[in-house]
Amino acid sequence: MNSYRKAGWLLPVVAIILPLFIGGLPSALNLAILVGIYFTVCIGLTLIFGIGGQLSLAPAAFYGLGAYTSALLSTRLGVPVLLGFVAAGVLCGVIGWLLARPLLRLRAVYLAIATLAFGDILNTLIRANSEITGGSSGIVNLPSPALGSFEFNTPLRYYFLVWAIALFALWIGNNIVKSRIGIGLRGLAESEIGAASCGIDVARYKAWMFTIGAILPGVAGGLLVHYLGFISPDSFTTQFSILIVMILAVGGRDSLLGALTGAILVTVLPIMLASYEKYSPVIFAVLFLGSVMFMPKGLAGAAMAAMSKWRRSRND
Amino acid sequence: MTHHHSSIARRHFIAFVAATVAAITPQAYAQSNAPIKIGAILDQSGPVAPLGQFTRAGIDMALKEVNAAGGVRGRQIELVSLNSESKPDLAASLAVRLSGDADVMAIIGGNFASSSNSIGATVEKQAIAYITPTALLNDAQAKWKYSYFTLAEFSDMAKQILVYAQKKGYKKAGLIRVEREYGEQGSKFLHQFAAQYGVTLVAEERGADGDRDFTAQLTKIRQANPDFLVVWFANPGGSLVLKNARQLGMTQPMMAPISMDGSVTIKLAGQAAEGVVITSQIAGSEPLPRQKAFIDAYAKAHPDAPEPNSFEAVGYDLVKMTVEALKKVDPPYTRAKVRDAINALDYQGAGTVVKYKNRNGPSEETLVMIQASKGHFVLAK
Amino acid sequence: MDLSAALQFVFSGITIGAFYAFVALGVSIVFSSSGIVNFAQGQFVMLGGMVAATLAANAHWPVPVAMLCGVVAAAAGGAVMARLFVLPMLRAGEFPLILVTLGLGVLIEALAVVFWGTDPQMLDSLLKIEPLRVMGATLSSDSITILCVLAIALIAFTQFLRRTRWGRAMRATAIDRDVAASLGINVRAVIVLSFTMAAAFGGLAGALLTPIISTGAQSGFQMTLKAITAAVLGGVASPIGAVAGGLLLGMIEAMSSGYVSSTYQNVIASVVLIVLLFLRPRGLFTALTRQA
Amino acid sequence: MLSINNLSAGYGDVQVLFDVSLTVNPGQCVALLGPNGAGKTTLLRTVCGFIRPLRGKIELFGKSIGGHPVHRVVGTGVAQVMQGRQVLGPMSVRDNLLLGAHVTMAREGAEGVRKLLGEIYELFPILLERENAFAASLSGGEQQMLAIGRALMSRPKAILLDEPSMGLAPRIVEHIGHVLRRIKETGITMLLVEQNPELAFALADRCSVIESGHIVLEGATEELRSHGRVAELYLGQAG
């Protein structure tokens, strides 16, 4: 608990001073922006997988839904991009809320398959209606977000926008984890009946976590495509959902620190491994399998355990 | 005992992680006679991997030739090749990574529209020249200043198919197409131009490349009784469409775009491939003069499968074009100079013909109409 | 629309469905004996197909021998997977086990791409019989072969479950691992056996399907997803349910492609799936087939 | 034949058994008595192999079995009737019985198992009557008989029984006691965990009382029956 609170202060400070060191390096700044975007996605999913213990394969669907919402609003209707992000969050939240109750009646693999089917439907609808969505070819030259006349059109400006949103998401996530709901959600992961018998309204908490787990990827999706300036359905496939699940498992799926670790891994690992060309998936798979088998709480969990062990040994 | 076993495994795993990290750490390089670097972003895994691997094979051939001939002004060409895993957003990050390496003079790669789109959008901001083995899709891309395309445009492919149909006197077209960007583009342009060539589209059906059976779609097309069938697909789906159509007793001539090019179509569709007409950029067994050198070299390197496909040929061209541009630049090399040299290219290669001064896509001569005949591809009559 | 077209849609559905059913059978075998959803099942289909095609095309082995080798290779892969990766994780819980099978799937595919490249491989048909032609509709000989083998495999497997010592042990393990152990059943051996058998069925499916659609090193994962969907539709805990789910899914796809729109065939299949899951969260055919 | 020496065991960080020692001689029946949560079931589950012992020795027929997997313990000739009539509900009565013969089948073949099945049906005629019914459809007493019959299908030299009387009507408990006595007469060794002292005293040659993971009393049934502490605990007589 203590280390959480420390991290809660540390991260904004690091986020603000980091550009002083890496502002001149385009690759590093690019990485930092993407980490911020994936961090927002991962916070949402940590609530669903880690703390709620549910295997949802819908992240790509909401990520894509949010991305298309803000991309289409800005290019087709001229809505300011920042408003588009808000609309993305609202739309994903509403759909998440509506789907939550029927979906979350399903357990384990049934939930995974139903959420997968939901993603498939969205992807096909996007591809099939090319007059509106640009179809499989996507849309290029998406505008940058702007606040009045201030445009977030350089990587450095975009960096601050992304991390402002990511830290806001972290604040929400942190409050949920600590709140009655969060304790309820943890109860869910332990035992549903146990949670119910403690007077926790299981269905409502599940719906809550699912909704927030839809809003955050939705906003992040908008952030991603307006950063890249380009959108296509190829970025929001089942493979993406599965990649997020895998990366969260490696990072540590039951803490927000794990979400950050996961976000860093999902950004940095493919870029680092890319030089291995066709061997990069082999290396990724070995790293993934190894960490699932030897680090059940993920990198974050392993680091925490190592740290508390070290502290204990120092105190002895 | 199991505990002991797992601790050994864990130690091996940690050693593996350490080795991976060590291997990625950048090595120091010598400045003076250092090789000239070209960055490559190829989709070597994921659904587009077949195209990425074809391109890579062509690139390798060209690199070997160029470096054996002494490189450019005594400096070897070094390829910094990265795998973008069929993920457009990863491709964009890799483009940023490559542009962060000051020695990389140009970027090649991107194996499908989404990845060349996102690499293109990135290089426009990073100001580094980029040549891609994909097709120019839209007006926005035509205005780009750093991105150059080598694959024939979909509008040209559609027109070529319609020209061929008109020549043969076919009036009614049936279309079955893949639910991806190239199928969508093909459909769009066939619809747009059909009337000009006296052709009507009487049926259009869609499918996914991984589908296991297309007889339901083909049955509906058969009911419209078209004169010819356009199969806008890639393998293996496209070959299955050919087989399913013949199996249903459809005897109409069949035509396909470049995505079906290559001996793999004959391997997969067997008898059903016989006679299929494809808009390609190379005819393996009947090369044009500009293609002769590449095909001979290819046959020497692959004696058991001597006929390259368009993607291998274009991959080969990517390196040759960059080298030709580098040769025209006075050292010291800068990205701006290299970009200008590429922009000035007037190049007739194995897989593509470009005059980038006019536009950043290839010229119409790039396309060749080929036909499967007795297990080989010959120029279509 | 005329009868001939309708019949062709049915044949199309059967062909697609037999494919899904065969892969779904493997998913169900593992699930019903160990409660594990094997996200690597499609990779065994791929392995069976690739090994058979490579031996037949490159080494020119006779097709039936090559197919048999494909089945053996897949089965061996299943056994190794269960022994080295699943058993050590047995006590770790459902989520980590899914992740392990997922990771293995990714690993097997990545290695296959390095070994075989991405070119799809082709194989001659096992039986060169005439296609079935009824009222202008055609069912290919390969589809007929698959349907027959699928029926035989399903009957053989349910009889194995009903009548043999290890079959009963598998069912008992599925119901309650601890009770099964208390009866002297080596639960770990049962799990290895079920992975091996599922992989063998997967390899057989791969070998038989290659002549129709060809097999590529990257085809496994998509098959896994379709198979799990089919199994979930029919009831993942029952082999008969899984096979029925596969046929149903294939039929829905072909019918929506034939009568509604090929653009929306996946949407329709997905909507049907979601609605059925809401109505019957444990699958359609579970109640009917609990015994088998 | 079964000897437990200074056994300690538990779940995770929670130790339940502390230096427990117990011996069951061939052909004898030993009853283990104790209140809820004393560690009776933990002891049985440790002997069976479900729980790895922390310290101490478990020997069967002179061979150490501590930490062996469950199925191997059963293979040495020890059958288990687990707590709560753990029949496999979705399977038929006959299949449940045949599953009990998983080990026997390998030794004696199909013919031997068929003979054995006949013997069990003779002992429990009701099971023959309900042969093809789902085990879940049986009444509580019938399920307990099925569980015992299934255990006998492995032709055990010893049986470990965990509260066979739990939740059953007195008339049925009496019937089960009768059956168990017949089984004992065939020379099968028994370790019986019971809360019902009448059944335990009726069957057991010796009794041990366990409280909070320690054996607090041990002796011949006759001696214990008159022991004040036992009377106070189990027979409801204020001492």
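Order of writing sets the chain letters: A, B, C and D. Residues in each chain are counted from 1.
By definition in this document, a residue touches a chain if its C-beta (ideal position, glycine included) is under 8 Å from a C-beta of that chain, and two chains touch if they have at least 3 such contacts.
All figures in this text were calculated on a predicted structure; none of them were measured in a lab.
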{"item": "Most central chain, judged by mean C-alpha position against the global CA mean", "value": "C"}
{"item": "Chain of greatest Cα-centre distance to subunit B", "value": "D"}
{"item": "Centre distance in Å when subunit A and subunit C are each reduced to the mean of their C-alpha atoms", "value": "32"}
{"item": "Computed distance of Cα centres, subunit D from subunit C, in Å", "value": "42"}
{"item": "Separation of mean Cα positions, subunit D and subunit A [Å, integer]", "value": "53"}
{"item": "For subunit A, residues that touch 2 or more chains besides their own", "value": "124, 128, 278, 281, 286, 293"}
{"item": "Contacts with 2+ other chains: residues of subunit B", "value": "6, 45-46, 49, 53, 179"}
{"item": "Of all residues in subunit D, the ones touching two or more other chains", "value": "none"}
{"item": "Chains grouped in pairs wherever the two touch, ordered by label", "value": "A-B, A-C, B-C, C-D"}
{"item": "Subunit B residues within the subunit A interface of the complex", "value": "6, 9-10, 13, 16-17, 20, 24, 42, 44-46, 49, 53, 56, 80-90, 92-94, 96-97, 99-100, 112-114, 117-118, 120-122, 126, 137-138, 140-141, 179-181, 183-185, 188"}
{"item": "Complex contact set, residues of subunit A against subunit B", "value": "25-27, 30-31, 34, 124, 127-128, 130, 135-138, 140-141, 224, 228-230, 232, 234-235, 239, 267, 270-278, 280-281, 283, 286-287, 290, 293-294"}
{"item": "Sites on subunit C touched by subunit D in the complex", "value": "165, 168-169, 171-172, 175-176, 178-188, 290-291"}
{"item": "Residue numbers on subunit A that touch subunit C, as the complex places them", "value": "49, 53, 55, 102, 105-110, 113-114, 116-118, 120-121, 124-125, 128, 238, 242, 245-246, 249, 253, 278-279, 281-282, 284-286, 288-289, 292-293, 296"}
{"item": "Sites on subunit C touched by subunit B in the complex", "value": "1, 5, 8-9, 11-13, 15-16, 19, 88, 110, 113, 117-120, 122, 131, 138, 140, 209, 212-214, 216, 218-219, 222, 254-255, 257-258, 262-263, 266"}
